[in-house]
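These are the structures in question, set out in turn.
One chain, subunit A, appears in both complexes that follow, with subunit B as partner in the first and subunit C in the second.
Let's turn to the complex of A and B:
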């Protein structure tokens, strides 16, 4: 089974996010990007499927700052091929991104497409079902287990309260991965460097973009209301616990 | 295009999820702005229609293969309802089921989409406020005149506003054929764990800030002193450090303890959905801008390990 993993870089939420002077975009000067954590799980799940039953794993990403390192890291972890989509410039939202990915997948031989269930900047919906709809193939979101079958996969979809639904899906198809069967593996820096010297990234010119059907009016930090009463010491914390009758 | 608001009901195992009534309440308020009706799309479970008394109309699609949620057949059924009712706004839950429906509808019916929405307004155009970037920013978007899809965050509106004892007209749309590429097999109930965190008075909840699996011990020692149970946010459970039955949030459980102590939890919307009902929330985090402080009653910008160790010692001495 040949699997494609769609990787996306998103703002690192550990850092402070600043809105630029237009009020409608993040200030790129202070923006640090990182791999969407759910995409990392999608990559891990793809590698596990390959290790269990063969096939190739192709990691695909849009050209952006530091994307080469991200793709070399995917190769270092065990992906067979990395494909960089170039020349698209900034992409406005999930729908446009999905269009670019869907066009690029025209040149790739795949059975299964995996990507993260969601990303923190999904303004206009999630990538997996959007790509699937554009490719006219089936899709299931919020997947926590994947087993390869003959021309199909058996998957577990997660609902609230930890209830799982089991589905069979005929391939080709797309899955939005919530969590891989194990924590994403780590690629040592030395191995990434070694791959960087020996491997190459494939490139394909990007096409698509569908001029997103929405426009951003304003980005603002959430209203905090009263906010939390800040405590300065453990003594104050103990006083709170005492007042609530729990100690 | 009509001026109607179409609310997509979500149900499982014979009952509606809260999100259905939350959206029905929000959908009625929105329909008052558009001047249209608030219509509910009920896919499968047509015997539940009598509980939708707050709606102006219910449109059902039912039949074989729709008893249980199926991304393919439910998407096709929703597309048929949208075609038949031609709504201005379609409201879908930002939930596991809703994620399968909203984006697919948006592409297939060529409708604008805003996800993770807290609120929606309609005037000449439809605007939505989405909670993004892990709860750190709200993004207001303009979706044009319509038609459009909005996927609503659980808990963004009160469920009570969506309950009523009217008797809305019911209309039936024929179930469309599908290719049968997605087949429902079974539901798997979670294994009952050693502890039911929904029944605890005090929870000590840990998030990514705990760092490593071995460091959970620090929180466990505090929990023991407080006679509390350990709970966790999603990354901890996804890493396999704690069992699934300890997970609070969208894909875990909702908890309402007397006291919820959040250690190193940033407060992503998915987590807050599961714990905002706690009577007292105390958050300890090194990031003073962590969204958890917006819902917490008390907060400390401190290293969780320092606080845990000192608090545990103080309690032991009492």
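Let's turn to the complex of A and C:
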């Protein structure tokens, strides 16, 4: 079973995020990108499937800051191939990104597409179902376990409140991964560096992208409320209600 | 003395047993050579001389267990002299009429020494046997979760000890009795042989023939037994008497705090036994299985499955059983299958206590680091550690925080610390992760800054240009990440102008001082050294007044690794604080449990007591103590937690040394309560006292 993993670099939330002067995008000066944590789980799940039943794993990502290191890291972890989609220009939102990925997948032989269930920059929906729609294949999301079958996969989906369901999905198809069966493995730096010296990244020219159907009108940080006032006693409460003219 | 048949019989014994033993020794040499390369033979003559001096003075043994060491001293010095005795006895056997008894003063002195040493050896050996088999000290037992080869677990070490002990008793006892029979045969005692003369009186009634026979039996029990015992040596832990001096001579000669580089970058570290460097294989033959290393190991003490002693013992037992197949090209065994468990490997705090204490120069810790290197390279780092390593790779710190916020702690200061990337400074302060990001430690960092500012020291920091120095990263086995961090720091440092580096963190101190190679060529010091110098040169003026009673915890990477014992103590006392030592101090300091990346991993399941809790208990046993003083940011957090978890909140306060310095300088006095803040030295008229700006 050949698996493709769609990897996305998203703004690192430990940095201070600021909106730039246009008011429609994050200020790139303070932006640091990092691999979407759920995508890391998708990659881990793909590697586990490969280790369990063979097949190839291809990691696919859009060209962006530090993307090479991220793809080499995927190779160091055990992916067989890394594909970088270049020259797309601005890609706004999930729908456009899904189009770019779907076009790029035209050149790849795959049975299963895995990606993270969500990302911090999912602006217009989640990637997995959007890509599935563009590819006209089935999709299941919030997956916490995958077992390979013959021409299909059995997946575990998690619902709110801890309810679990098991599905069988005919391939090809797309899965939105919530968590791999184990924590994403660590790729040692020296191995990544060795891979960097010995392996190459495949490149494919991006197609799709900005379709003009979608634009961001305004972006602002969430308004912070004034905070809660902690009251220590009933008397205080009465005083507050009194001052507001409630009683 | 021997008859012709006896002479031939002994010669045959020498040939057979000597041959067998030689075969055993050569096999050991061939096994050791299967290990990976290591540079240990530079300056060989000096190494050998130093090792002989150490052995001769019993230096490495005297570090611990005084009574056992004394008993060992009796046996050691006795046996050293017994080499002469054995040579004499050989001559006596083959040269008719040769005897030292009644042969003048020189022979008399020889006799006196052999007489006394015989008794001392017997006393020493008996005491050691009584200790092991009657007193049965707990230190000779292992935690039940420690991986131990079946033969060792089944009493192999005890049996070995018993065989060796009995051999020594018979060998020396027979020699001593033989002399007594000789005296009885002569018909009179000899003042040069006081104890043998006393014993000889008991044989006075025996016939000359019986005495003659007894002398022969004793000779054979003394000398023949050596030969019979010889082939057993290569299999026994008693081999230490030959290998230990060699092992001490071939000990790592680079600084304690500098780990050996990775040998094979395509497969770093050790997965199998022969992936280990050869000195690690030699260690197993040198090991006397005394468990001293285990006794001081914080991981074993806290109930984890790690025992550095068991690691050495397992290697040895495996080799004893399998050296033939290994030498015949058989597969080298996976270390995690027989030497120690993966959980044990990750329990090591790399505190160096085992290496420091080992009387025969073994270094179990290095094996563990080699194993970590291999485990990490194969992508099997524990999850909690992996998360931190990822953060260190992406953000340059272990806190998962933004690299840009590294110097946020400086915002609480009412002056700006110069940016060493923008202006030359005399001192470059390498702050370190904990001192930069941990909220409790940030307060300490600000105190350091205020002290130095007040003292007019010209210093600067790298702000967000600093990355973790990588000390603990290297000790988790993530060599590639260590190199990456080093490269980034060296690049940043290369663009700055400074004369010296000082650090807050002993871990950072160790890495910059010992592991940055050509990347750091200026002197590196810990802040305690710098502060003491400023106090001594009176650039820092400490007020009078006494500041309570304190005990001080030596951080591993400042103390045991780098010998920084005195400056912190001198500083504490200079601040008017009375210092009381804990039983385990200086080289014997007990690790807080944070090193080697342990601070990034959760507690192991089923530990009995955290090392930091153990240490606080030790401090509390000193009686009324006000402060537990530390000089390492990690210690500050570890011990503040430990004071709480041991229920000692409010009874003892964990303080960093700089807090005493700041107090004694009056920096913490409320303005207006009489004590003026000390002006900056640079502000004074005689500004010449301040260091010149670089």
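Note that the second predicted complex is superposed on the first by the 225 of 247 C-alpha atoms of A that agree within 3 Å, B and C clash if a C-alpha of one lies under 4 Å from a C-alpha of the other, contacts with A are read in each partner's own complex, and residues count from 1 in each chain.
The working rule: contacts are C-beta pairs under 8 Å (C-beta built on N, C-alpha and C of every residue); 3 or more make two chains touch, one makes a residue touch a chain.
Given the structure is predicted, the values throughout are model-derived calculations rather than measurements.
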First, second, both or neither for A:178, with subunit B first and subunit C second: first
Subunit B versus subunit C as contact partner of A:19, first or second or both or neither: first
Subunit B versus subunit C as contact partner of A:167, first or second or both or neither: first
Contacts of A:188 with subunit B and subunit C, given as first, second, both or neither: second
Touched partner set for A:77, first subunit B, second subunit C, both or neither: second
Contact breadth on subunit A, by residue count: subunit C or subunit B: B
Where subunit A meets both subunit C and subunit B, residue numbers: 14, 16, 183
Parts of subunit A lying in touch with subunit B, wherever the complex brings them together: 11, 13-14, 16-17, 19, 37, 41, 94-95, 98, 117-118, 120-126, 128-130, 132-134, 137-142, 154, 156-170, 173, 176, 178-179, 182-183, 213-222, 224-225, 227-232, 234-235, 237-238, 240-241, 244-247
Complex interface listing, subunit B residues touching subunit A: 12, 17, 68-72, 95-97, 99-100, 102-104, 106-108, 111-116, 127, 130-144, 148-149, 151, 179-190, 201-202, 226, 235, 238-240, 244-245, 247, 250-253, 258-259, 266, 279-283, 287, 289, 291, 293-294, 296-301, 307, 310-311, 314-315, 318
Subunit A - residues contacting subunit C, complex: 12, 14-16, 30, 32, 34, 77-78, 183-194
Residue ranges of subunit C touching subunit A (in the complex, touch as defined): 262, 265-266, 268, 376-377, 379-381, 383, 385-386, 389-390, 393-395, 400-402, 404, 478-481, 483-484
